[in-house]
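Lettered A, B, C and D in written order, each chain numbered from 1.
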Amino acid sequence: MSDVEIGRAKRGRRVYAFDDIAVVPSRRTRDPEDVSVSWTIDAFQFDIPVLAAPMDSVVSPSVAIQIGKLGGLGVLNLEGLWTRYEEPELLLEEIRSLPEELATKRMQEIYSEPIKPELVTGRLSEIRSSGVTVAGALSPQRTQELYKTVVDAGVDLFVIRGTTVSAEHVSKSHEPLNLKKFIYELDVPVIVGGAAGYTPALHLMRTGAAGVLVGFGGGAASTTRANLGIHAPMATAVADVAGARRDYLDESGGRYVHVIADGGLGTSGDIVKAISVGADAVMLGSALARATEAPGRGMHWGAEAHHPNLPRGHRVEVGSIAPLEQILFGPSTVADGTVNLIGALKKSMATTGYLDLKEFQRVEVVLARYKG
Amino acid sequence: MSDVEIGRAKRGRRVYAFDDIAVVPSRRTRDPEDVSVSWTIDAFQFDIPVLAAPMDSVVSPSVAIQIGKLGGLGVLNLEGLWTRYEEPELLLEEIRSLPEELATKRMQEIYSEPIKPELVTGRLSEIRSSGVTVAGALSPQRTQELYKTVVDAGVDLFVIRGTTVSAEHVSKSHEPLNLKKFIYELDVPVIVGGAAGYTPALHLMRTGAAGVLVGFGGGAASTTRANLGIHAPMATAVADVAGARRDYLDESGGRYVHVIADGGLGTSGDIVKAISVGADAVMLGSALARATEAPGRGMHWGAEAHHPNLPRGHRVEVGSIAPLEQILFGPSTVADGTVNLIGALKKSMATTGYLDLKEFQRVEVVLARYKG
Amino acid sequence: MSDVEIGRAKRGRRVYAFDDIAVVPSRRTRDPEDVSVSWTIDAFQFDIPVLAAPMDSVVSPSVAIQIGKLGGLGVLNLEGLWTRYEEPELLLEEIRSLPEELATKRMQEIYSEPIKPELVTGRLSEIRSSGVTVAGALSPQRTQELYKTVVDAGVDLFVIRGTTVSAEHVSKSHEPLNLKKFIYELDVPVIVGGAAGYTPALHLMRTGAAGVLVGFGGGAASTTRANLGIHAPMATAVADVAGARRDYLDESGGRYVHVIADGGLGTSGDIVKAISVGADAVMLGSALARATEAPGRGMHWGAEAHHPNLPRGHRVEVGSIAPLEQILFGPSTVADGTVNLIGALKKSMATTGYLDLKEFQRVEVVLARYKG
Amino acid sequence: MSDVEIGRAKRGRRVYAFDDIAVVPSRRTRDPEDVSVSWTIDAFQFDIPVLAAPMDSVVSPSVAIQIGKLGGLGVLNLEGLWTRYEEPELLLEEIRSLPEELATKRMQEIYSEPIKPELVTGRLSEIRSSGVTVAGALSPQRTQELYKTVVDAGVDLFVIRGTTVSAEHVSKSHEPLNLKKFIYELDVPVIVGGAAGYTPALHLMRTGAAGVLVGFGGGAASTTRANLGIHAPMATAVADVAGARRDYLDESGGRYVHVIADGGLGTSGDIVKAISVGADAVMLGSALARATEAPGRGMHWGAEAHHPNLPRGHRVEVGSIAPLEQILFGPSTVADGTVNLIGALKKSMATTGYLDLKEFQRVEVVLARYKG
């Protein structure tokens, strides 16, 4: 651990973002056709290691179905417009067309509408009826209130996702969610995060979670660093949590908790890097918000963007560039890493000589100055 | 201390700014409601660790009163327009509306008007009559001339603030202020600075000061680096002075001198970072100049900006974005770290698991490349 | 090797680009007129250590002839427009004038036209008849299909060039090119690459290659980092491969394999740096695409830019600035390092006190922060 | 010496520019009025440690006189327009008004006019007649041809200035200037450079020079890095040469050779930093080209900008901002470090507690990330 003196009374560790690193080829190359990017968590197998982030600009029930059919997992935000409004399309349209300076304020109002349990049930049933794996996400704050509704509606994977989720939340005013007890009693496998360090992730693994989300969510659209001074660059965060996975595997006598990079994954190159430093899969926000089918229709925002008194993110324009299937599998007619994400991942693995995702976590990584 | 060879005949230490660092969560999270940000210096207790900087664009007598009522401390500049002019409003208006290229020159003229002791007395009385804690600031150069007026007018905290204030000023032409003797003889607790290193701060602590200001003042508006080649990035500066506080605590057998970060604190994230590396409180300039009540009405300048022959700062436009109370306590409808400063500080402390400011000085800090 | 911890489960090496380094003078200076920049590979001697890259925007048969007469080596792309079309000029003209947003898509179509073996023969014969050294390039994928045609047409140097070429390509679906066997059986000396690390380059050297291309090709026009997450900054890449050359020289009992920097060489300063870290020669793309004779007429693109489903490069505008001879030998009337490449190389060698390229590989190099 | 591995076959040292460093205050402060910035070289004493660079945009005979009267030393370029043309004013005017794209080419033509020895004599006599110290500069290439004319005209200090000047120039075609013999035989003290490293500077000191210029000249207007790949950031360069001064002082039994920073000195902050790392004085180009009296009238260029076949610099616009006296001594009405250079130097020395230039070379220096 490279520990640096910041000043007499403080030391700090140097940490790295995906932009700071790159992967490099070794002595062997392979055919992209020979590469597998399949991924299994609990009883669920996926052809591609891609989870669509539970953000209203990314996943609607129909997008969740489509991503499932394409081999990934679409996670529906159960605290978003689909569970607050019977007809969310009009509000999505309004958010998309708000002028910049009013966007935050109006989103705060729109998201103050209460969540309707019957809509939670309805949206999840819609996905389930299509036959794909069903996943829905709640924040830790809402989990106790809504999890029964969610489980009764039938989810295959339960996602608890917040800016920072710890195994040990302490509160003076209310009994917080006891994650360990909650997960133990639940029949459904749980994916939980964001976590961004070795210790918090290790504690989350000890709760019995099947997967840990690494990062703070929101990615491109987030201003957490300016607002809270908190920042955990993703390359270090993922490599730290991968270290926790390794140590927990030993400590637990063989339980492999999946590490899912969540944030800072704008291009296929970022996905490659996430896996190169230890991720088993990636949760994509802005990268999929660019799909023509995405509910944001080229706009993208996270829950931080409409926090009622401390918004920590922006609605950002990412553009609509291609259908979802083409964004994932190509062909691409652009050269900026936004289309053919899976093709690029396979090409990168083949070029550096690896056949599957687990092996590729061992690829050589370098630190190279970022330009522009 | 990481000491680097610059060239054969010179070595230098690597130092860090707030932008170079970030705080990271640990294994525990808390509720923001459970967090206390109160702060006590000498006999004075404050709900929030915020001092408004003695700059004409930030603190008028009425702003000082308002900040006091909101739980902080407004420090009036006793060498500014309020003590030079009976009716400073017209001159503030003129400064605000000067075209860019004439601003420095005209400010030099406006500030050449002599200080009127009776106005010092009057302005301080106005604040005192409101019942809030009274604080006024002089530069070291003016302290001998004016301190009796100030003390007689009744201040609770006496601030001596300059670009660089040392415990040992040497002059061939005049008898300089003997800080140690001055502070010893004064009944009122003294806050003194700027200082930006371990040794100068330790010497200031030995003068008997109750608090030390860390930094050079002026922050965003300052061009000291281009003009004087002098630069002390704030993360290292605060951590160094916190080191001096610790060593002086031992040396003095228990006197705790407060460390107040003063400069480079434009966003709530910066305030978080200042405390994370050891500050007990922060003195805010530009962050409060953005209040609709601030006398600068969206313009901001420090004393360096109107130095008669060597100006080392600019009048900068920071904008008027919200009332003072909302800037401090929210709610916010923007996501850039300029509104709800205290809410953000509490949220950051809660997210990283800390309950009070003193504990939060132990939070884990990382060095992360700054982007844009 | 400076190995840094990225996070708990991953370490990485810090690597450097040409922009990160500079050469510095030593105690002796010389006359540029006394400096030799000649270079010999196999039986072929060249006055200048310059190979023109096999890219359609850089080398046509007539440019290959012209470069040969100027003392360098023009390498014809045998999978480009000249071997796909009888009359490539119209298509070059079309590519040059395509609007930005259509360029990639239309290039994909144009390059889907099959390669005609008779055109391979014809283009190479045209070059051969001029009397200069003849060199043509194939990708590894096409080598088995076309090499007999190429050899029969008569090449002096055979170039196998791809984004990443390894000595050991593994495929499940087809029998890959066995480079070692191929080179052993071929009568013609082979230059092969890109390779960008010690180990892959050492393995390429063991195949019997006469030269190794260092880099990924494409340089300025490439977006490999954003697409594949792969990046090998050139200063480190060349110095690593030069290390492989040294070790292979020992291992083989004296076989000197030439190291040719290929990529990131936009200015004369970059050429200087490539040799300073160990290159024997340079392969230039954009630097020569700026010649008025270049087929791109100011536009520049590589094979990555028209990949059928994963384009990883752009058509970029480099401008037409001077005739080829003037770009190489001056005089220059611009000061940006784009004209009089050889004059600048000689001047730099003279200023730092070196007389030939091999000696100049020992020049002192520093790491200096890049500005803009 | 911090030596870094660039790649397997190459190591390099990390070096620093003025922008990378800053000076910091220590425990004592002083009055600027008490500070002396006087400087003595050989028999000549100067009130200020400023040499005006021998560049046509900076020093005319009348400017040389004016600078002398202000306490500094103006060095006339003896290979410039004043010694090539009887009436240089028209040509200066033409250069100033050339459109950007024609500037280099037309300057090449204008400077192809031969130098007239009688003009050398005349210009120097004009300066001498004013009573100030007389200094003229030749390039090493012209020194043998013209030095007698120069010495006969009467110079007090003889400056030999080139991009890189070594004590040991080797040529196959002509007998190069033997600096050691030349300086030994000359009655006049010689200042020679640029040199930018410990070893080349030590060798120059051994020739008997009274002062060494550190840097490559040209500064802001230079493109040496892009053209030649050569770059010697000034903070390291000056500190290295100061190391050579110290070692040569010992080796020679007490001969103190003056170190003059020459290049990269655009602001008063840069001048401060040059001295902080060991310079005895500074040679200013762009900083004085901004004077209303400067012959460039707001435009600035060096000899590299009109090199006949390899120009390595640009004519740049620096603006005319104040009379020479005000640029040096203030008062300033701008805050960007371009006016009141000496006032700023004194203020910086006083703030950090130093009384004279020699002491100030011991000030504490830090490495701080440069912003914008």
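In this text, contacts are C-beta pairs under 8 Å (C-beta built on N, C-alpha and C of every residue); 3 or more make two chains touch, one makes a residue touch a chain.
Source: prediction; values computed, not measured.
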_Over half shared numbers or under half: where do the identical copies subunit C and subunit D land at their interface, same or different?_
different
*For subunit A paired with subunit D, centre-to-centre distance based on mean C-alpha positions, whole Å*: 57
*Between subunit C and subunit A, distance of the C-alpha-averaged centres to the nearest whole Å*: 40
*Note the residues in subunit C that touch 2 or more other chains, in rising order.*
14-16, 236
*What is the complete set of touching chain pairs?*
A-B, A-C, B-D, C-D
*Which of the residues in subunit A end up touching subunit C in this complex?*
1-2, 14-16, 18, 21-31, 33-34, 198, 235-246, 267-273, 276-278, 330-337, 340, 343-344, 347-348, 351-353, 364-369, 371
*If you look only at subunit B, which of its residues touch subunit D in the complex?*
4-17, 19-20, 104-105, 108, 163-174, 195-197, 199-200, 203, 223, 225-233, 236, 304-305, 308-314, 370
